[in-house]
Structure formats: structure tokens, C-alpha cells
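As C-alpha cells, here come the structures.
First chain A sits with chain B, and in the next complex the same chain sits with chain C.
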Partner chain A sequence: MDFREMMESKYRDILHHYIKEQSEQALYAGQKFSRKSIEHKVAPEEIISLHKSLLLEMYPELPKDIIHSFDILLEVMVGYGIAYREHQSLRHQQEELRSEMEIASNVQQTLLGTSIPTVPGFDIGAISVPAKHMNGDYFHFVLDENDNISVAIADVIGKGIPAALCMSMIKYAMDSLPENRLDPSSVLENLNRVVEQNVDPSMFITMFYGMFNPSNNIFYYASAGHEPGFYYDSKKKEFSELVARGLLLGVDKRTKYSQYEKEIFPGDMIILMSDGVTECRTEEGFIEKETLIGYINKYIHLNAQEIVNNIFRELEKLQHFQLRDDFTLIILKKDV
Partner chain B sequence: MNISIDVKETETKLAIKVTGEIDAYTAPQLREKLFPMSEKEGVKMVVDLSEVNYMDSTGLGVFVGVFKNVRAHSGEFKIVGVSERLERLFEITGLADIIDINSQIEGGVQ
Partner chain C sequence: MNIQSCITIINEWDIVAARQLGRNVAKELGFGTVDQARITTAISELARNIYLYAGKGQICIDKLSEGGKAGLQIKAVDSGPGIREIRQVMEDGFSTSGGLGAGLPGVKRLMDEFYIDSTPGQGTQIKATKWLR
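Up next, the complex of A and B:
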């Protein structure tokens, strides 16, 4: 039988039972009844009206005043009923949005997908983890016909969906750059014009662009306001910042970017990151560069992908598994 | 996470004092408050960040947007009271080269 049809007799039993003996068990039956009636979308005012008619049936002599008082309770509960139904419909909408978001985030991953190239003489590791569904960080590798390896790492200022949409645009702007080899500084100058013209005036992108030329072992790089990476000198076992000055993409269309270079020897590393790495905030404050270098040293004997995976795990643990910002870390290690 | 934005208008400038944290949650409030002001012709804005204990890149985005607006309307934009940590953020992003940061201004911002 349908719950609604037996609702009356059920409620009558519970009521009788409790009036006879005020036991925990009878109260528990009431709890179970309320779960059932919520499940069957019975409005709260319906229960009050049921309660009122059962009382009349059980106690025909009940003072009229008491019976009337139920009308007020009923009116008040009507409001609760409406609020509850609104809540239910919002929950439903939220479910829909959540599933749409998941689809969008999958689409984004497909759009922005980049594969880590296998390059003779180089060991490359990369990890990028969004703080929420959509990632505002981006990295990209290109291996051209002269065996130059280019690497781009970018971060949209802003988070969530707007940042992710913006990043998809950058990816297509990069894909449509002329085929012939471009210097890091010209890549940034080109992208800067695209961003300046097409993006909301309060949305900006930081980008580091580097290119390693295997014929002379020089890493050429330029930065558009991006968090500086590190260079690891394997001979001295020392880390230094890959300092590069340059304005964020999208602020001024006439911006020029300086290009820097660094000779890379076997065993050396280039470490690139998004500000999610250095803005990783713990209870004691921000992590210091030294902490990050400490982690790199701890895992330096591993291959590049294992190093970045382990560092991510350590920093995630420091933040109690709650990322505040998208996180990207790339390591390029020149084989010994 | 709270923010308060206090605006004092004098004859010569708008002095804005921000207190609290500027992040993805509070940045929209800052933007709503500052953007309309930044679109006034020839506006002179001075933003004091000495009471800001945390700002992430979202906050930076707001200031760049405001700066662009002010520049487009031939105004002046300054940021003062920038902590060492924030100053580094302005340095890295190259903004320190185009926005007036922590310069001495006459009469202070109080």
C-alpha cells in the first residue's frame, strides 16, 4: 500500500502508543515516520492537520480552544513547507550544476591537454592540480623539428571558470603562432597583444616561456610577470632564481620582453612553477623558497616526474589537503 | 576572511584605506568599490595597503584593472604602505615598473 494511504493509521498508532506510555521506542517510531513522510514529500502542514483530526477523533470532548490553536500552528508550518520545497529544488539545481561543471572540467582537460615529450638527453616531469574544478594554470611543451624544446607555464590571475575559459584562449593563441621557431620574447610579445585585445580588463596572465637549444645547450627564457623559477647547478649543488623581468600579459599592448639565457650542463635542472607553489600557505605562514628547495633536495635522486609528484604530496600535506590555489610544478633535468 | 574599505575624499585626492585580507572572496567587494571611482576623469587615487595582511594575485588583478581605468581617464594612481612580501609580488609581475608603489607622498595618507 502507498505510504500516503496508510499514513493516517500509522500516525494514529504512534500517537496512541506514546500517549499510553511515554517511551523512547514510541519517540523513535515518530522519527522514523518523519523520515518516511519527508521521503514521500508530505508537507509539514499536512502532518499538523492529521494530528488535529486524530485528536478530535480520540478526544471528542477536547476544548475547542485547543483545537483552534492548531490552525495557527498549521499556518505557521505552511511557510516552513514552502521553504523546504524551495530547498529541495535548489538542491536539485545544484546537482545539475555540479554535473555540468564536471563535464566542463573534462572538456577543459581535453582542450588544454599537453603531453610531456620524451626528449633524448632530457628528463621532464610536470604536475598541475586545480584548487577547484577548473584549472587556471596551464603548461605546454613543444618539440620542434630542430629538437628545440619549448616550455610554457602560465597562470591566469583569477580562479575558477573565468580563469579556465581565458586559459583556453591562450592555448589557441599559442597554437596559432607562426610555425617557424620563435624566441621566447617574441612569443610573449605576440600573446600579450592577444590578451590585451581580447580579455576582460581586470583579468591578467603571467607566463614564463623557455626554450632549450640542444645544439648549444643554452636555455633561452623570458617572463611576463611570472613567479621566477629556479636553476639548479649540479656542479656546485646550488639553486638560484631564474630572474627575468617583464610585465604581466594584457596590461599594455606595447610591452617589450627581455630575453635571458643560461647554459645548461649535464645534471642541471630548470624548475618552473605557478604561484600556487610559493603561495602555499600553512598555519605558520607562507612556505619559504628554502622549504621548497629542501623538498627538491630530498627527492633529487628520483626522476623528474617522481620529484614533482612527491613535492606536490608534501605541500598538499602542509596545507591539510586543501589547495587554495591551482598548483603547477615542472622540472627539466639534463641527463648526466 | 574580512575586508573593510574606507574612502576619504579630499579636494585633491581620494584616499582609500584597505584593512583585512584581499583574496578571491573579498576581491569582488574591492573591485565594486574602486572601479566606479577609477572611471572619473582626472581622478587621483591613493590606496593604502598597510593594514592588509594577506593579498593574493586576485587582488593584484583588481589593482591592475583600476590602474588601467585611471590611466585611461588621465588620472593618477598610487599604492602606499605595501609590505615587503607584497612589494615582491609587484616586482615579479613587473607592475612596480608602471604603478607608483610606496613612494613618499606629500601629507601622507592619513
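Up next, the complex of A and C:
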């Protein structure tokens, strides 16, 4: 017996059963039948036709008028059948897009990959998690021959694919900057020119660029409208904002960036983030800076990577595991 | 051996006439009621496109026989504005999103074979075939 015949006899049984005793059990059998017929891509109009022919078989004396009425039902259901098949095909396309996105996100991870440098006397932790598939945040470390550690953190305004495409460009612009030591302010000025020339005017990028010089223990930094980071003073056990002023990248090609400095002592920390961290939204609104500082304090005894991982987990939980924006958090901790 | 008859589509009544012709031929060939409904829906759709977008055209119904198989072919021909982006109108969801009916992808699904050719400014020619199983 092929599938059609089997389906026909199954439907006949269900129909007989229900006409005899109108039981919930027979209705349930009907529901199971529909699951099976959908699985086998049986169109709705075919079910109507089956129903009609079974009625004719069971009640040969059934008034012709009733039988004719099924033609209208069939005609109407042909339209639903088309809509249903279209839906199936769109679902299939969506599946294809999803897997394409996954590949794209892997490619992006390879393109934007940066390794966290191991530097004696420094403990560095970083985490970056996209809200969707593609990440519009970016961080980058460079360790030069004089053991200066540079760190960049950037965020494209917007998320998803356009943001991610834009980020790849930033990465290559940074890679093509001269090898020798560059001041944070001149790095930003260089990148600003690239962004201004190459990126759609409606797209803006914020960036924080910092460089630690181990010979004088000074952290030099500049910001292009980026979310301010924190400085942790281990002696006073206090957090303060790393205030830096500067226009977003890509607004005006003549923008100049001021450079700031901070002396770093053993046990001190630099905490950098994207706005996906501070704009974690809970039912009560954005999280307060104090909440974030509270989490840092809670895990402060751990190493830098464990701190950022734990904070991400806490904030993820606070948001019921639905990130609204790309999330990037970096901690640089000077060893005691 | 081809037997052909055509209906000129100018107004909405002609759509009904084209359906009737298609149904008669489908019945004659021995198509079941479900396939009859699919064939007439496809005819409706193609005739409506002529009526709405080209203003005037023709729907022809052919009986085909090929290697022992019998089939029905709908031919829709018009000399209207044509379709600039055929790929787009053949995309699911493109023309149906506004509730405009099955669209050409729907016609393609209802039938077994589908062929379209269109030149902007010159018109559109569509052939859709269903074989008797």
C-alpha cells in the first residue's frame, strides 16, 4: 500500500469513528493525521477532495447539493495550499540564510581575530559577544618591540551585518598603520581619516585607544566618543571614570584628539567596555554604574579573564539571556 | 497532435471564460478534481495578470501528448509593458505580500512545467504545463 492509499484508509477510519460516536479520541486522531499529512506535504485541497470522495462512498444517497458545495471549499483551499507551499519555501530560504550568517560570523571571527598578549607584570582579560550573529564591537591588542601594550576598543553605531562589515575595514586600517610606536591621539586621527573617506556618512564609530608604557608605568589614552572606561585605584580601593573627550570617528576629517595620561601602580586596573555593557537593560532600566562596579568588586580577587567572564555571565542573567547590543569588556590589571 | 483554442482577455468575464475552457479540457483529458482546481487557478492567475497589467492578451489551452503522456498546456501571451525584473517576480513573497494572489511562483507550483519570457515594452509570454499522472 503506498502512502496515498494508506492515508486514505486512515482518514476513512477516523471519519467512520467520529461519525459513529463523536469522541474526543477520534478528534485527536484527526489532529495526529494532520501532523502526518503536513509532514508528507499533502496540500489542503487534497484533503478536501479526499473528504468529498469518502462521503460519496459512505453515503451514495447524499443530496447532490451537499456534494457540490465541496467544489467551492476545494477552490478556496487551493489558494491556501499555494500560500502554504510558499511559506514552506520561504522557511527553507530562511534556513539557508541562517547558515550563511553562521559562516559569515565565523569568517568575521577569523578576520577580526586578535590574541590577548601575555606580558610579564600584566594580567589581561577580554570578552566580546555579539547580540546577533555578527559583532559590531571590536578590540585589538598590540605588543610592540619596546613592550608597550596597546589596546583598542571600538563600537560601530548600529549592529548586525553593516556594523560588522564596517569593523573589518577598521581592523585593516589599524593593521596598515606604521609599525613604530604611535601615540593614541595620532592613531585616532589616522583612523578618523580612513573612516571619514570610506564609510557611509550615516555610520559612526566610537573608539578608545590606550597604550601602556612599562618603562614609566604611564597609560596614555585618547577617545573618539567612546563609552568611558574606569580606572581602579588599588590603594584607595576606588573606581573613577577615565574621562577623555573626542568626536566620533568619521564625522570630520580634521578632528584632533586630545591625549590623556594616568600613572598605573601595582594592583591597579583599567576597565574598558562598549556601550553594550552599560546599556544592559533590565526591567528597571539601564544598569547603574554602581551595579557594574559592584560586580567587579565581587570578582576582584580573580584573574582578569575570569573577572570579565563572570561579569558577562551576571549581566547576561540580569537581561534574561537576551543581549540587546554587542557586549565587549576588557580588564587590564597590573600585577602586585 | 495539438488541439488549441484561445480566449481573448479584455475584461474580467474573459477570465471566467478562460477558466471554463481550461476546466473542460482538463476534464476531457481525465484530470481529477484537485488538479482541475489547480489548473483553473493557474489560468485565473495568468488571465488576471493580463487583465490587470497588460490590458489585453490571450490565454490558449493546448492538449499535449508526448511519449504516451497526455498533458495540458496554458499559454498566456500579451503585448503589454513586459516585466523588467523577471527574477524578482519569480521570487516567493515578492508579488504576493500585498495579497495579490498566487503570483507567478504560485502558478509554477500549481503546474509541472513553467516557462516565461518577457521583453520590456513588447510583452510577456508564459507557458505552463501539467501532465496527467
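Note that in this section the second predicted complex is superposed on the first by the 335 of 336 C-alpha atoms of A that agree within 3 Å, B and C clash if a C-alpha of one lies under 4 Å from a C-alpha of the other, contacts with A are read in each partner's own complex, and residues count from 1 in each chain.
Convention: a contact is a pair of C-beta atoms (placed from the backbone, for glycine too) under 8 Å apart; a residue touches a chain by one contact, two chains touch by 3 or more.
Given the structure is predicted, the values throughout are model-derived calculations rather than measurements.
After superposition onto chain A, the partners chain B and chain C occupy separate space and fit alongside each other.
Of the two partner chains placed around the shared chain by superposition, chain B is the only one that A:E227 touches, whereas chain C remains out of contact. Of the two partner chains placed around the shared chain by superposition, chain B is the only one that A:L247 touches, whereas chain C remains out of contact. Looking at the shared chain after the overlay, A:D275 reaches chain B, while chain C stays out of its contact range.
Of the two partner chains placed by the overlay, only chain C lies in contact with A:E46; chain B stays clear of it.
In the overlay built on the shared chain, the residue A:Y209 is in contact with neither chain B nor chain C. Here chain B and chain C are compared by how many residues of chain A each touches, and B touches more. When the two complexes are laid over each other on chain A, the CA centres of chain B and chain C sit 90 degrees apart as seen from the CA centre of chain A, to the nearest 10.
Applying the stated contact rule after C-alpha superposition, one finds that A:E75 touches chain C and leaves chain B untouched. Once chain A of one complex is fitted onto chain A of the other, the partner contacts of A:F219 are absent, as it touches neither chain B nor chain C.
No C-alpha atom of chain B lies closer than 20 Å to any C-alpha atom of chain C in the overlay. Chain C makes touch with chain A in their complex at residues 32-34, 37-38, 40-41, 92-93, 96, 101-102, 105-106, 109-110. Partner chain A is touched in their complex by these residues of chain B: 24, 31, 56-58, 60-62, 64-65, 68-69, 85, 92-95, 97-98.
Across the complex, chain A meets chain C through its residues 43, 45-46, 49, 52, 71, 74-75, 78-79, 82-83, 85-86, 89-90, 93.
Of all residues in chain A, only 155, 157-160, 201-204, 206, 224-228, 245-248, 251-252, 275, 279, 286, 324-325 touch chain B in the complex they form.
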